[in-house]
Amino acid sequence: MRIAIFRKAHFNAAHRLHNPKWSDEKNKEIFGLCNNANYHGHNYELEVKVVGEVDPETGYLMDLKYLKDIIKINVEDKLDHKNLNLDVPELKDIMPSTENVCYFIWNVLQQKIGKDYDVTVRLYETPRNYVEYPA
Amino acid sequence: MRIAIFRKAHFNAAHRLHNPKWSDEKNKEIFGLCNNANYHGHNYELEVKVVGEVDPETGYLMDLKYLKDIIKINVEDKLDHKNLNLDVPELKDIMPSTENVCYFIWNVLQQKIGKDYDVTVRLYETPRNYVEYPA
Amino acid sequence: MRIAIFRKAHFNAAHRLHNPKWSDEKNKEIFGLCNNANYHGHNYELEVKVVGEVDPETGYLMDLKYLKDIIKINVEDKLDHKNLNLDVPELKDIMPSTENVCYFIWNVLQQKIGKDYDVTVRLYETPRNYVEYPA
Amino acid sequence: MRIAIFRKAHFNAAHRLHNPKWSDEKNKEIFGLCNNANYHGHNYELEVKVVGEVDPETGYLMDLKYLKDIIKINVEDKLDHKNLNLDVPELKDIMPSTENVCYFIWNVLQQKIGKDYDVTVRLYETPRNYVEYPA
Amino acid sequence: MRIAIFRKAHFNAAHRLHNPKWSDEKNKEIFGLCNNANYHGHNYELEVKVVGEVDPETGYLMDLKYLKDIIKINVEDKLDHKNLNLDVPELKDIMPSTENVCYFIWNVLQQKIGKDYDVTVRLYETPRNYVEYPA
Amino acid sequence: MRIAIFRKAHFNAAHRLHNPKWSDEKNKEIFGLCNNANYHGHNYELEVKVVGEVDPETGYLMDLKYLKDIIKINVEDKLDHKNLNLDVPELKDIMPSTENVCYFIWNVLQQKIGKDYDVTVRLYETPRNYVEYPA
């Protein structure tokens, strides 16, 4: 029996959008307020979907405590109360758009959770703007 | 990198459900309170999903301000604070059920956003009743 | 033991804001899109607060089923799927602003629930705009 | 025109997770607080998705009142204010994990709604933990 | 500067409403489905409001981590994944209505937080039914 | 007729909590992750309550567009996509705790809206932590 389970988590972080190959004018034109040199921030909401088979002994696809811990160690501890441009080595040379942060989180979680499961990550930057990978 | 972005919007509108080919009795039987000749209304919530490739220069699938403006001009300005039976020429001969209004919105947005992107529209008539196209 | 209980309900209705003593121009200037002659509408969310003493036999301030029924008969059955300007005799000569509809609902409920209890009504026209009486 | 409609419902129930083939120690180790012999409970939120064709006469995929009644009779009346381990004959020998309860609900609803429609059920045990079948 | 801070928490529990001084018939008549001898349950949401003075050194009324811990130790650890009729000594002879559970939580928290602060507790049994003490 | 109206708004900002009179160790001990020198951030949600008399000509306590504009000019334009420690002159020497930011917003809005109305501001730093002034 193939089923999907979902777990929500969240983290608060600062970031700015800035392409170092562009002039300040072009950065301001393209990214607007998101280019503020002093950063701004968000309460990111994360929805992790895991698809796989149910274990008949437990009735679980996966122990939710285990999933919660994987998300905590690999995502929340890395990103919560951090500056996404400065504090996260893996994101150093990556534009911290919601698209790219979502893909980064998916990549970490799919590796940790393993190939028996298909992971999808939805990342809310605000309640009105969000991103999902894979599409 | 193929990804999905989502943007929410909303509009408030009046409507009634009435099939002019039917008797008043049949309309009342089928549509119940939704058939009220004086109209009733909703706060429609709209979720627009766009699937496509991320631009490596910006980290964006699409500038959300651009998407927000397309939704505003083509959906909100057309439907907000309107009567869906009387005020929207494109809906004149169409039953303004959530299904048909959702399809109308999808059709407009898919054309405006263009063939490089796949658009999905979810339309909430109430927090408990909603519709999605394509399925 | 004096305590407060809350019960939520909702109704969907059409309305327009229009002062018949004013010119069409002034109505349009003051009420904008809300003046649309063909009406628009909302999903109204209602929060009813009742303050009183807890009955030691039941542990209830009031049977919630009783409160739910009072709200259904006196508010939902009167306003749901209605046009607030045309279909509700008690609102005929009253501007159906959220303020006035909230006061109308409070007045009905305070009378029906009776003087042993203090009623407060909060009425959401949209999730971002709402009104409470008494203040 | 193939489209999806969604309807939300809810029920409140008690349950415990316990595998009778295991020792009490193993049950406590695997299920933790969820193994409490005296039960605990949840406000389950249910999202039912139905995919099919729109009827051009009504603009409906399906009369939502009909869908609401199917959910009420087959799910809410069976599970609401019940103990999922003791009060539901169909669940007697099944671990009442969210995964298994979701599958049970899907199975009932897909049969009642019939083969012309594709049903998907999402079941929220809490706002942060939920399950969807089919995946 | 007198201000209010709020902190949300939650717990999942089973309960039933039953007055041992009444006949089974009267219990069923008054409490309906809530009288089920095998219990049912809820995801209780808790909102704790604390009013007091802001400390000019920290800008805090109270360290939220301290408040979170007081709620965890005194409310969540006592009530989460429990049966409110059987597992909580302080509630043994008390009808576990939302009103009485709310008052119990307020009483514990007001004592622990101390007389320099005024505590108010709002307890949601469901998103539509909730209680607040003091009123 | 004295009534309350509410309007919601939001802004995204970065901040850090740091008392310059303390050592780095004490700052870390008291503020924990909130002391991160590179900042973190939030989606702040703002609820503005205004109490006053209803104008019988309009049925309004106050034109919501006017209230929305006052909030936009005086709060959103000042704080949105900003660093609360560096970009807001009025907050330069103030610890940007939710308590202090809430009081700052209240002070600006009460002055702009004027003495005929009583303003209350509720500021959500996250959906689980929020503050209200006056209490």
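Chains here go by letter, A, B, C, D, E and F, matching the order in which they are written, and residues are numbered from 1 within each.
We adopt the following convention: a contact is a pair of C-beta atoms (placed from the backbone, for glycine too) under 8 Å apart; a residue touches a chain by one contact, two chains touch by 3 or more.
As the structure is a computational prediction, the values presented were derived from the model and not from experiment.
Annotation of chain C and chain F: jointly contacted by E, touch as defined at the top. If you compare B-D with D-E, the chain pair joined by more contacting C-beta pairs is D-E.
In terms of their C-alpha centroids, the spacing between chain A and chain D amounts to 29 Å. Here the spacing of chain B and chain F, counted between their Cα centres, is 34 Å. Averaged C-alpha coordinates give centres for chain D and chain F that are 41 Å from one another.
Counting only residues that touch two or more partner chains, chain E has 127.
All chain pairs that touch, listed by label, are A-B, A-D, A-F, B-C, B-D, C-E, C-F, D-E, E-F. Touching chain D in their complex are the following residues of chain A: 1-9, 49, 51, 54, 57-61, 63-65. If you check the complex, the residues on chain B that touch chain D are 17, 19, 21, 30-32, 94-100, 102-103, 127-135. Interface residues of chain A facing chain F in the complex, by the touch rule stated above, are 10, 12-15, 33-34, 36, 38-43, 80-83, 86-87, 126-127.
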